[in-house]
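Okay, here's the structure, questions in a sec.
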Amino acid sequence: MGKLVAVEDLRVHFHTEDGVVRAVDAVTFDIDHGEILGVVGESGCGKSVTALSIIRLLPRPAGRIASGRILFRGQDLLKKPEAEMRHIRGNDIAMIFQEPMTSLNPVYSCGAQVAEAIRLHQGLRPREAWAEAVDMLSRVGIAAPERRAREYPHQLSGGMRQRVMIAMALSCNPRLLIADEPTTALDVTVQAQILELVKELKRDMGMAVMLITHDLGVIAEMARRVVVMYAGRVVEEADVMGLFRRPLHPYTEGLLDAVPRIDLPRGRLHVIPGQVPDPGDLPPGCRFHPRCAHRQDVCRKATPKLVDLGEGRRLACWVRGQGREAP
Amino acid sequence: MRSVRLLGRHRAAKVGMGIVAGLVAMALFAPVLAPYPPDHMELGRVLAPPGRTNLLGTDYFGRDVLSRIIFGARVSLTVGVVAQLLAASLGVTLGLLAGYLGGWADLAIMRLVELVLCFPDLLLAIGLSVALGPGPYTLFLALGLVGWPGMTRLVRGEVLALREREFLEAARAAGASTGRLLRVHLFPNCLPTVLVALTGGMASCIMAEASLSFLGLGAQPPTPSWGSMLSLGRPYLHHAPHLVIFPGLAIALAVFGFSLLGDGLRDVLDPRWACSRPPATSRPGRGGGPHGQAGRS
Amino acid sequence: MRARAVAMLLCLAAMGCRPSGAVPVPAPDRYGGVFRGAWNRNPVTLDPAYVVTILDATACALIYNGLVRFDERGRVVPDLAVALPEVSPDGRTYVFELRRGVTFSNGRELVADDVVYSFRRVLDPATASRRAWVLEALEGAEAFSRGATGELPGVRAEGSHRVVITLVAPQAHFLSLLAMPAAYVLAREEVERHDDPRDYGFHPVGTGPWILDTWIPGSRLYFRANRDYFEGRPYLDALEFRIIEDPATALAEFRAGNLHLLRLGPAEYGAFLADPRWRDCLVACPDLAVYYLGFNCEKRPFNDPRVRRAINHAIDRIAILEAVLPGRYILANGSVPPGLAGHDAGLEGYAYDPDLARRLLAEAGYPRGFRMEILQTPSPGSLQLTEPIQRMLAAVGIRARLVQLETSAFFATIGDGGNPDSFLVSWWADYPEAENFLYPMFHSRNRGAGGNRARFADPEVDRLLDLARYTLDAGKREALYREVERRVFAQTPWVPLYFPVNYLVHQPWVGGYVPCPVPNAQKMTGVWLGPQPRSHEARETTQR
Amino acid sequence: MTRYLSRRLFLMVPLLLGVSLITFILLYLVPGDPVHSLVGERASPETIENIRRELGLDLPVHVRYSRWLGRTLRGDLGRSWVTHRPVRESLVTRFPVTLRLSVLAFTFSSVLGVSLGIVVAVREDRGIDHPAHRLLIAGQSVPVIYLCLLFMYVFGVWMGVAPISGLGDGSLRHFLLPAGALGLYTAVPKARMTRSAMLEVLRQDYVRTARAKGLPEGAVIWRHALRNAMVTVVTVLGSGLSNLLVGSVLTETVFGLPGIGKLQIDAVWARDFPVVMGCFIFQALVLSLCNFVVDLAYAWVNPRIRLE
């Protein structure tokens, strides 16, 4: 049996007044059944766009998938008609977002929003769907779900709302849950609870999770494998232990150094010099080279290709790997 | 300079500018452009339909409709400009004062603004024109007095936002007088907003002038005004619809031009709208669309 | 009065038009039907004491009767009175015998006390009637209307059916005044029925041929026939008048057969006249009115008769009127319209002669002209006249500015409240007498708001007018009025423009409609409806 | 919520007072003696004096205002100087015409404007941009009087499908053209504002959530986007009321419909002060009440306010 999801050479372009922005460029990775894949990178690196491409909800009309394939259980999602795609959304692939604040519709009660998804995909009658929704709310750990179901989003706390979002997403037993920075907007204690919940539900329901975050701590906690993205491209892929133990890409290195650690003596916090490049005005060659301490001449001229190093490890770097030029 | 360049790239604004420039040219060079003097009568050629001699036909005195429309641009533009300047000077002054002084003055001015705003603007203008008696100055005054509250609101909002900014603190610390602060520091910063509102206001003014003239409260004959052409042409709707159709088109075109230009200016000048997103809500006050929307507080 | 009908026919013939074709005599079965007419405005009031406008007078005429009334030719004929009154030799006492068995539409019989009540009501200061002047010649009226006394000896009842009226001084046209709406007779109990007497105007009760049934302001009025009318019931069952302001709408409704009678606007007249199907249904109706451009004879430079004459010569009246009102005007050279005793057809106007005008101006000391203002009300009709006048004046060097004033401001300015240069205005007769034109407009006593807007003053004219007002002999009176008019227009206080002629068109199946130049002479009793073709198309085909 | 609404109700009082005061002052400034136009020529000084006394014109202006206010508070708006008809009665008889015109026009314009706004927004969101929007600006540039005259010409004169003007027998077809013209005129700003509200809402995260749930596009737009846009749209519909009022005054004048607006313009010309005052106050009252209803509706569509 193949991978659950295989993203192959995905390129997404945004058409703006200032020209074409290549937000995602030749991204390739896959997700196995039941695994948690972490996708990490600074904001604007294309991780959310990649996720939205998978469920084909890129903002219209600006965003367009220029090329590539997204195979879900062996079928190319990009070739599916919209109606079929709609069936897959929510049913097979569900997504939760960063902002539980704004991701719930303010004019409907929480229960109604969860029940809507249930009715849609399971064909239940309103009353049954409502009961199912309440059940779902209690499964995501909401106390007094009967009462909460009748409440509106603005009456709930942030963590509660994210629980509602999760309940909505999981109500139809999806095979893949895309969680786009699910805890960024939440308090630290609540963060841990939500992550725990996701882990627990994943275990119960056996789905795969694509966890998008900029927080390596969350990755360490949750994921088995990590994809590191920078400026629209995948720069490194590894299993979590390997990555933390021996980061290969200078960017990954920088990311790890920037995390404050308790186990090491207090010293100066490392920062990556420079800034994330403007996606409309990317540097030539390796996109990271202006900020890279190890850059060589070749880095300026040619873009390195993502090369398989074996043991599930892939890298795109002229310096650290046996760089090959990308097409 | 940057704004001008941006405006040049804004397609709608370009169209708007073209129309407005055309209007201004029409008003300035009316004697050259018009095929006949506007009050030249050919009593033997009354109510002629559009044709070769008279492109847009003649009216009940045998006057050339096209020539009268061209000369009518003068009335519309003059009324618009003068009334808007009046509204702007009144509105900006009060807005600056309300925003800067705050407290009691702010309260009084804003109550007045709300009071005036709760009159539907055209009805207020009708009341004012009747109270002042018909005449050109009446139009200026009536439309000016109707237009200021929207401007006051805008400027006040702008000032409130600016008031706590550092450069003001610095100027105040350097001992600038209130008058100087208002004139030199606050006013120029409100200018973009005012300019946008002014252009939009021109559109509503032209519209209102037409309505008032239609009711007989506007320009005095023999001055050819688009609104009075509509009203005097109306009895001939059956036999000579061109007396109504063309002046009406002129009004619509002028209003359209100023609306487009105003929208373009807003996109370019007003930082709040500068992002590509369209505005979420209507513009406040009356500076906006034709006849405006009475603002709700 | 003898000459009146002849004169009217003459003038109509001169205009190349004829009055409505021979009126078919109604067969006895022509009773019934609802006449549908249109008024261009809502009547203001149906209380005779407040009637000012022509439309109100027209409407009141349907409901009420006076002691006397005008017939369709403008002659005074008995109405509620059995006959024209006996007048005492000194011309101050009038004795009216009332008809017996006349009832108000509430069923009560009309008696002499009702006449006394109605007259007192008009003069009563508490009523604040707009038309108190109509009866101001009554003995004691002045003190009574000031509220100084409750006595009004000028009108009294002798028994139940005789009314005696006494005047302070003889008044030649007094009977015409009595035919005006202000002198209509109404029932006291109907006025006093209302908590506020001002409500009476919306629930009028009279003795007339029609009874107000419904009045939806701004929309329609419905009158049903008074079956007990003392002259016999009208042919029609009811009259419906819709308020249609827009002439184009009225025209469309008429063409669709939904209106029976239409007053033609300037744009439609030609089309109807040219259409043979309608020609027989056209009715010409000269109005008792005059339009003129008046000068302020007290103000420089208009106090110089040469300037006034120059302006007269500078204006080509015929060209203007032919363009604006073709076929709808009679050129005016004086103030008294044709058809009234006193109209002078021999009066000569000033010919269009701009050179002469310039010479006269130079003679008067204005070789390069001057600036002046022409005041007017903001109506399209008056603009159509003044705009060409403005251009013609410019040709002789006079730079005229047109000033439009709202109606009340206009009348205040040309009355006593202002000092205008000149003004475009019209005068409409209240009653068909030359006196009604000459006395108010040229007697110095009426300067300004009284009607003499030109502020014309000539002691000899004053004397002749006073004399004529007391001259009971019709022939002598007419001669006096002609003399007055000649004297006045030799001094050119105006540019007289025209006497308006209106055209009405009725549906072919409407019979018995006779136009009346005096608005409140029209009682609509003789109008009947013949069989109406099923539809508009049907009518058109039968016509061919 | 109740407090919020009662505060809004209470705020209407000084507002109405202000409106009446401003109107009164304006009317006081009007040049010319109103009595002259009432009596015509030949009235004796006694007559004029009698009428001045009847109308209360002999009193100083502040006394006149306080009397007017006192009467008005008792529900008596006085009588027309010209017709003697009680102003309240005139308002009551003419209000149905205005109401019918306004309700028809409002319904028409709301349906047209809101759906047009949605269509434009949804299409624009998919990439077919500006032309429709430009067209809306163009539509907003047409004065209502011109629109009325065009309707008269096209449908009344040219095609002859509806009565040109007037109330006729008061049947619905006499309202077709005026309500159509007024509706179209007021629809355009509604469409513009609905469009921008919709565009804003369509970019919201919860719309993306709804799509991520797999809802069909129709449900996303109608159930999720529109319901939220309604919060703005209701305000839009409310703010369009004053536009509607002005429009109805002009429409009634052009079409000769005997409604409040016609009454008002006629009264302005006739210097009929009590009627003018009555109309202004009535309009201000109706407008305030409508705005109040809009507030209620706003609270109803927005659970945040409803539940507080």
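Which chain is which? They are A, B, C and D, in the order written, and residues in each are numbered from 1.
One rule holds in what follows: contacts are C-beta pairs under 8 Å (C-beta built on N, C-alpha and C of every residue); 3 or more make two chains touch, one makes a residue touch a chain.
Please read all numbers here as calculations on a predicted model, not as lab measurements.
Enquirer: Return the chain whose centre of C-alpha atoms lies at maximal distance from the corresponding centre of subunit A.
Expert: So the farthest one, by centre of C-alpha atoms, is C.
Enquirer: Distance-wise, how many Å sit between the C-alpha centres of subunit B and subunit D, to the nearest whole number?
Expert: The separation of the two C-alpha centroids amounts to 22 Å.
Enquirer: Measure off the straight-line distance from the CA centroid of subunit A to the CA centroid of subunit C, and report it in whole Å.
Expert: Chain centres of subunit A and subunit C, defined by C-alpha means, are spaced 91 Å apart.
Enquirer: So the centre of each chain is just the mean of its C-alpha atoms; given that, what is the distance between subunit C and subunit D in Å?
Expert: Spacing between the chain centres: roughly 40 Å.
Enquirer: Hey, how far is the Cα centre of subunit B from the one of subunit C, in Å?
Expert: Centres of subunit B and subunit C (C-alpha means) sit 46 Å apart.
Enquirer: Multi-chain contacts only, two chains or more: what residues does subunit C have there?
Expert: Residue numbers touching two or more other chains: 248, 405-406, 409.
Enquirer: Where in subunit B do residues touch two or more of the other chains?
Expert: Residues 130, 133, 237-238 of subunit B touch two or more partner chains.
Enquirer: Counting only residues that touch at least 2 other chains, which ones in subunit D make the list?
Expert: 31, 152, 157, 203
Enquirer: Which chains touch which?
Expert: After working through each pair, the chains in contact turn out to be A-D, B-C, B-D, C-D.
Enquirer: Mind pulling up the subunit D residues that touch subunit C in the complex?
Expert: 31-34, 36-44, 46-47, 50-51, 53-54, 79, 82-86, 90, 93-94, 97, 152, 156-157, 160, 163-168, 170, 255-256, 258, 262-263, 269-271
Enquirer: Give the list of subunit A residues in touch with subunit D in this complex.
Expert: Spelled out, the residues of subunit A in touch with subunit D are 55, 57, 59-61, 82, 86-91, 94-95, 97, 99, 102-108, 116-117, 120-121, 152, 154-155, 165, 168-169.
Enquirer: Which residues of subunit D touch subunit A once you look at their complex with the stated criterion?
Expert: Those in contact with subunit A are residues 125-127, 203-206, 208-217, 223-224, 227-228, 231, 301-304, 307.
Enquirer: Which residues of subunit B touch subunit D once you look at their complex with the stated criterion?
Expert: Its residues touching subunit D are 11-12, 114-116, 118-123, 126-128, 130-133, 203, 207, 210-211, 214-215, 227, 230, 234, 237-238, 241, 244-245, 248, 251-253, 255-256, 259-260, 263, 277-282, 289-291, 293-296.
Enquirer: In their complex, what parts of subunit C are in touch with subunit D?
Expert: So the residues of subunit C touching subunit D come out as 42, 44-45, 47, 50, 52, 125, 127-130, 132-133, 136, 142, 145-146, 196, 198-199, 201-202, 216-219, 242-246, 248-249, 252-253, 405-413, 415, 417, 440, 446, 449-451.
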